[in-house]
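First chain written, first letter: the chains are A, B, C and D, and each begins at residue 1.
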Amino acid sequence: MTAALELSGLRKSFGKTEIIRGVDLAIGQNERHAIIGPNGAGKSTLFNLITGRFPQTSGHIRLHGQDLAGKAPYEINRMGLSRSFQITNIFPKMTVFENVRCSLLWSMGYKYNFWSMVSKSRALTDGADQILEQINLTARRDLPAGVLSYAEQRALEIGITIAGGADVIMLDEPTAGMSHSETDYIVDLIRKVTENKTLIMVEHDMGVVFGLADQISVLVYGEIIATGRPEDVRANSKVQEAYLGEALEAEH
Amino acid sequence: MDLILVNIIDGLVTGLLLFMLSAGLTLIFSMMGVLNFAHASFYMLGAYFAYQISLALGFWMGLLIAPLIVGVMGAGVERYGLRRVHQYGHVPELIFTFGLALLIEELVQFIWGKNQMPYQVPDVLNFTAFAIAGNSIPAYKIFMIFISVAIFIGLLYVLTRTRVGMIIQAALSYPRTVESLGHNVPLIFMGVFGVGTALAGVAGVIAGPVLGTFPGMAFVLGSIVFVTIVIGGLGSLWGALVASLLIGWVTTFAKSYNIAMSDILNGIGFSTPENLSDSLWRDLWTVTSPQIADILPYILMVLILIFRPYGLFGKRDA
Amino acid sequence: MSEQDQITTDPTKPAQRMRAGSMTISATPWIIAAVLLIAMPYLFPSRSALTIMNQMSITIVFALAYNMLLGQGGMLSFGHAVYMGVGGFVAVHVMNLISDTGAPFPMPFLPIVGGLFGMGLAMIVGSFSTRSAGTVFAMISLGVGELIAACSVIIVVFFGGEEGVSGYRDEGLPFFGFDFAQQIEVYYLIAAWLMISALLMYLYSRTPIGRMANAVRDNPERAEFLGYSARWVRYYSFAASGFFAGIAGGLFAINYEILTEENLNTASSGVILLVTFLGGVGFFFGPIIGAIAFTLLQTVLSLHTELWAFYAGVLFVATVMFFPGGLAGLIMMHVPVFQIGKAKQLVLPYFKTLIPGAVAVLGVSALVEMTFHYRHAATGDNEMTVFWTTFDSHAILPWVIALVVTFGALYLTRLNAPSLREAWAEANTPDGGAA
Amino acid sequence: MRNPIKFGLVAALAASVSASAAMADTVKIAFIDPLSGPFAGTGTNGLHQYEFAADRLVNEAGGVLGGDMFEIVAFDNKISPKESLIQLQVAIDQGIRYIAQGNSSGVANALTEAIEKHNRRNPDDRVLFLNYSAVDPALTNDKCNFWHFRFDANADIKMDALTDVMAGDDSIKKVYIIGQDYSFGKAVAAAAVKNISEKRPDIEIVGNELHPIGKVKDFTPYARKIVSSGADAVITGNWGADMLGLGKSVLENGYTGPIFTYYAAADGITAAFGETGKGSLRLVAEGQINPPVSMRATEYYNAFKEKYPEGNISQARITNVIEMLAKAINEAGSATDVVAVANALEGMEHEGLWGGKMMMRPQDHQLIQDVHIHAHTDDGITFDYDNSGFGLVVENTVTMAAMDSPTTCEMKRP
């Protein structure tokens, strides 16, 4: 069985600085995979490489066995990979409902359709309402997305990310900047909406990571120093030494 | 051969004049993100003010005072107009300057009327500096070159050698960082806007006597200034200089030499149709380079934007 | 279909109530507009009124097309007149072809020809200009606009040089007995096209691609990660906008029977930007208001004062500075007040502030006119007429009166402004705290 | 939501359009020319000349048809063909039967076609087009119609006169032709080439080129070419800022020969040329201002200057328009029957205020009159332009210029 996402020999340099220095990683179907690492390790860059925001310097990225080289973000998305952003990235002037409806359009086969009315499609409306229900934003349905609270916007962002029905979901620090209760709420939400999907996430909050992930990779200075089940990674001495120790200490 | 030298000098004058306008515009753009459509209007104001002052106090006082007035007006526009519009975003800002350009033109007509003003070269400079093969080079042109070069050197000095210049340079590349370092960015904006418009004013003062002082003078120059800074790369002073000179020389040479389209077409193997006057393509065949000289910069700009969207010297994507 | 929606969705949910409501009222403005368009010639039967209304209708179609780019797609174009112009030129050439060959082609379908060619040109230019929005798009549009405008005097075969190309609109195949020689027939032809195009453009904004145009405008990157190529979305908007601009060009060809260089030049492109922004880019009907207001300024105000462009400039700059939503934004500001039901509370404060305000504005314009007359009128020609009052502009008394009235009105305006502000805040607060 | 507003605005529009409704016993002449924008200077000055001529030549003499007064109604066309057509409709709705226009052949072309269509479609309220300044030859040739009358000499006639004078000057061996890249510029160039090769085949045309209209910021490169071509005469049809820019640039960069041109006077241009243009600028135009031809002309000009100290009589033909129209109306016995008035104008002979006989040629409605070559100078100037001390003095005169010139006009009469 091919991996959902496979990275091999992936490198990326900005000028003379090499940020990603040869990453090899295979993420299986329906796996919940967290990528952790200290600040500046290159986690967001890795995300951006995978989603086609930057071109890689060398190496390969394969989604379900297909090479993503030279593909634009929208093409990657159509192949079944969807992502969220570290900084909230929604359509602030549109209503919450429209945000979700827009993210359904492509996957429902509307493409560049200019002959049918979006409001006349029951499938679209029901689909969007279902997702709103899932992310508990039904009450905010007709408000402009820009006026939502931070946690609500994060929830909406996750809703937009999963709406298209992609089977590989990438979340970039979904709980960044949230309070404890908000974090719990989002973690539950993520668990619920990524049922039977492959989840790849970057996260700082170790509680979230160990609560959600089946597999963890540790990225330090552009290299993966360990990959494995949470308890193995926690026990790995290299990880302890490089990073996790201090993070775990800080948490206690 | 002699004519080439003369054309080089003429192109230099045109280019440097363009540079004085585009230098201010590119500074304003890179700091504030505003494409100031009214920039050429400040150039026009410079010419009109200088004319009015020269009637009472002579040309030299005009050269001194008019740019100051224009600069103060520019700063005022930034302080009381642009800053207010800034909060709505870039498109309203741009449209604001667009409206301002219209308003300034109307205002100038209201005050000075619609005719050309008899703004003349001062007598001291009204002689032929030297002649090349019968083509005289007026002393005033040498004076224009001198002023523009002096301003360029002064600008370069301020930008690279003084503290204010350092802050401005930093703000060119990292506007947000500079703000977070606690500098009074609104004040810098106002200052840069004032200085930029004052530069346009200087250009107006010295160009008014040769290129004419009339209400349409801003419109004639308006969009070409944008073309210059887009070609040079938004925010790049050197880019503005290179693009200005490039445009100056390209247009001058295209006007000076009658390169006919029919020659080019014949050269690449097309033969002239026999009954040209009936041919649907007759207009293409009869095009000559002077006819299209002034639209060459636009062609250049479109090509550059397609193949190199950040211009010749630009660092940031436009 | 909308009824079905209502049956299957839960009407107790407040949000769905709102949406269902908005569906039922949405047809009303269109019906009112159609009735008005039909009735207008009975109210204003003179040929000049018809001509001015035709001009308005053409500008409305063009401004709406322009707003497909600016308002809905977030693309600022400085050369959009080109698409209307080229559509119009092709339409005139087709008109001449009809005259020359007697081809059985009814005039009412001519705008489609214009639209197709406008769209064709937009598809060519869009293939390289829509790669990004922002400054690159704006500058390419400026460059292409200048190029095509410059071509209009060089390529005489197609553009006819400075004189332009003219034709006869009444030599086509009669359409239900109409040959469109008379203004009134042309009026109804243009009115029909106005309704059709406006409706189509409105519906376009409700289609998937129309919705995505908004999404790309607000956040192109996010749209890309939803499976849409921002570039292609822009390209579709651009082509559609070119189509409707071309329709406007075809209508222009029918109404004026001539197209000239001015239909292509940058001044025309600038005007449509002003018109659209003046009306308000944020609302579908904004450009309609803008087109009506600007046509009145240009055509009617210019009959009364040479300074019309000055007033237009002031109005425009003031709009950008104080009402960035345009005239439509100004109107829509009042919708919440009506929804809350406190509109009545505003009547008196408005009355107390806006009447002196209007007097002050008129006073200032009178002073401007007097200054202008004083400076520029012929010697001995001291008599001038402002607001139906004739007086001597060189005497002291009129100046004193104008100054006193103006400053008095200004003072009253300032005096009453705070209470208006309070009343406004109060009218926008629903009873019983937060909504 | 928008409809009440639309209604209100259109109501306002209707009110203001009809506010100036027609009065019974005046003969209104619509003056449709630019009164705002870059060409407003020329337009406003023309309007003053019309108003003055109507008052002094007609109204003070008792009007036409035993007491009907002339009234000039100004319409601002912003030099736009589209706006002109709108203003034409407004003028016709106000009951105006006479349309005067002159600036820009493009506008004239749009108007003459629109008027021809209007008169065909609405025989009840036909109008006449009094073209006082648009000189594109086509208007009285291929595009002529019964309703159009041209009071200025057209570009071909003027070039004919100009080259007559040049032909007599043996010192001219090389000529450079330069003009604006549009119909008029091209017409001037074509006429110059044709006339020179007929009249003086020995003259070498060393340059013949067009530059973009209204777009050239700096004419220096053109001036360089002219100087290095060794030309000893320059012919140009340029006007406005393009004329001033070209002329000054050529003279400042070392050219000393004559510049033969059409429009290089008044509206600030005379003042701006000043001393620089003396000895070089030669203008071809109708209407002799300096030296004054008669006491009547002197009085007229003085009275004009008294009323408009800043103004110039730069379009002398405007008095001919007014006088000939008044004569034609009296002859026809009606100001509303424009066919009768047009018939009266056709073939009319007239003694102009500025001297010389003239005749409205019936074949093409082109006024045949004396054409003068003027020099720009400050010697012997009775009436200067722009209060600059400089003005135009007549050097040569071609009487009844191009009287027998051919026309391709096929006039269709109603």
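Some notes on this structure:
The rule is short, and it goes like this: contacts are C-beta pairs under 8 Å (C-beta built on N, C-alpha and C of every residue); 3 or more make two chains touch, one makes a residue touch a chain.
Quick caveat, the model's predicted, so the values are computed rather than measured.
With contact taken as defined at the outset, chain A and chain B are each touched by C. Work out the mean CA point of chain A and of chain C, and you get 44 Å between them. Centre-to-centre separation between chain A and chain D, using Cα means, comes to 74 Å.
Centre to centre, using the average C-alpha position, chain B and chain D are separated by 35 Å.
Measuring from the averaged C-alpha position of chain B to that of chain C gives a distance of 32 Å.
Listed for chain D are residues 40, 44, 181, 212, 215, each touching two or more other chains.
Residues of chain B in contact with at least two other chains: 113, 291-292, 294-295. All chain pairs that count as touching, in label order, are A-C, B-C, B-D, C-D.
Remark: chain D residues 38-41, 44, 181, 209-212, 214-218, 220-222, 224-225, 227-228, 241, 244-245, 248, 252-254, 267-269, 271-272, 274, 386, 388 touch chain B in the complex.
Residues 29, 32-33, 36, 40, 43-44, 46-53, 55, 150, 153-154, 161-164, 166, 168, 170, 181-183, 252, 256-258, 260-263, 285, 288-289, 292-293, 296, 298-300, 302-304, 306-309, 331, 378-381 of chain C touch chain D in their complex. Interface of chain D with chain C (complex): residues 1-3, 5-7, 9-14, 16-18, 20, 35-37, 40, 44, 48, 75-76, 78, 80-83, 85-87, 89-90, 92-93, 104-106, 109-110, 113-114, 117, 121, 136, 138, 181-184, 186, 212-213, 215, 306-309, 311.
Of all the residues in chain A, the ones that touch chain C in their complex are 51, 53, 72-74, 77-78, 82-83, 85, 89-94, 97-98, 101-103, 105-107, 110-120, 122, 125, 129, 138-139, 141-142, 160, 164. Interface residues of chain C facing chain A in the complex, by the touch rule stated above, are 1-2, 4-5, 8-9, 13, 15-16, 18-19, 23, 203-204, 206-212, 214-215, 218-219, 221-230, 232-233, 236, 240.
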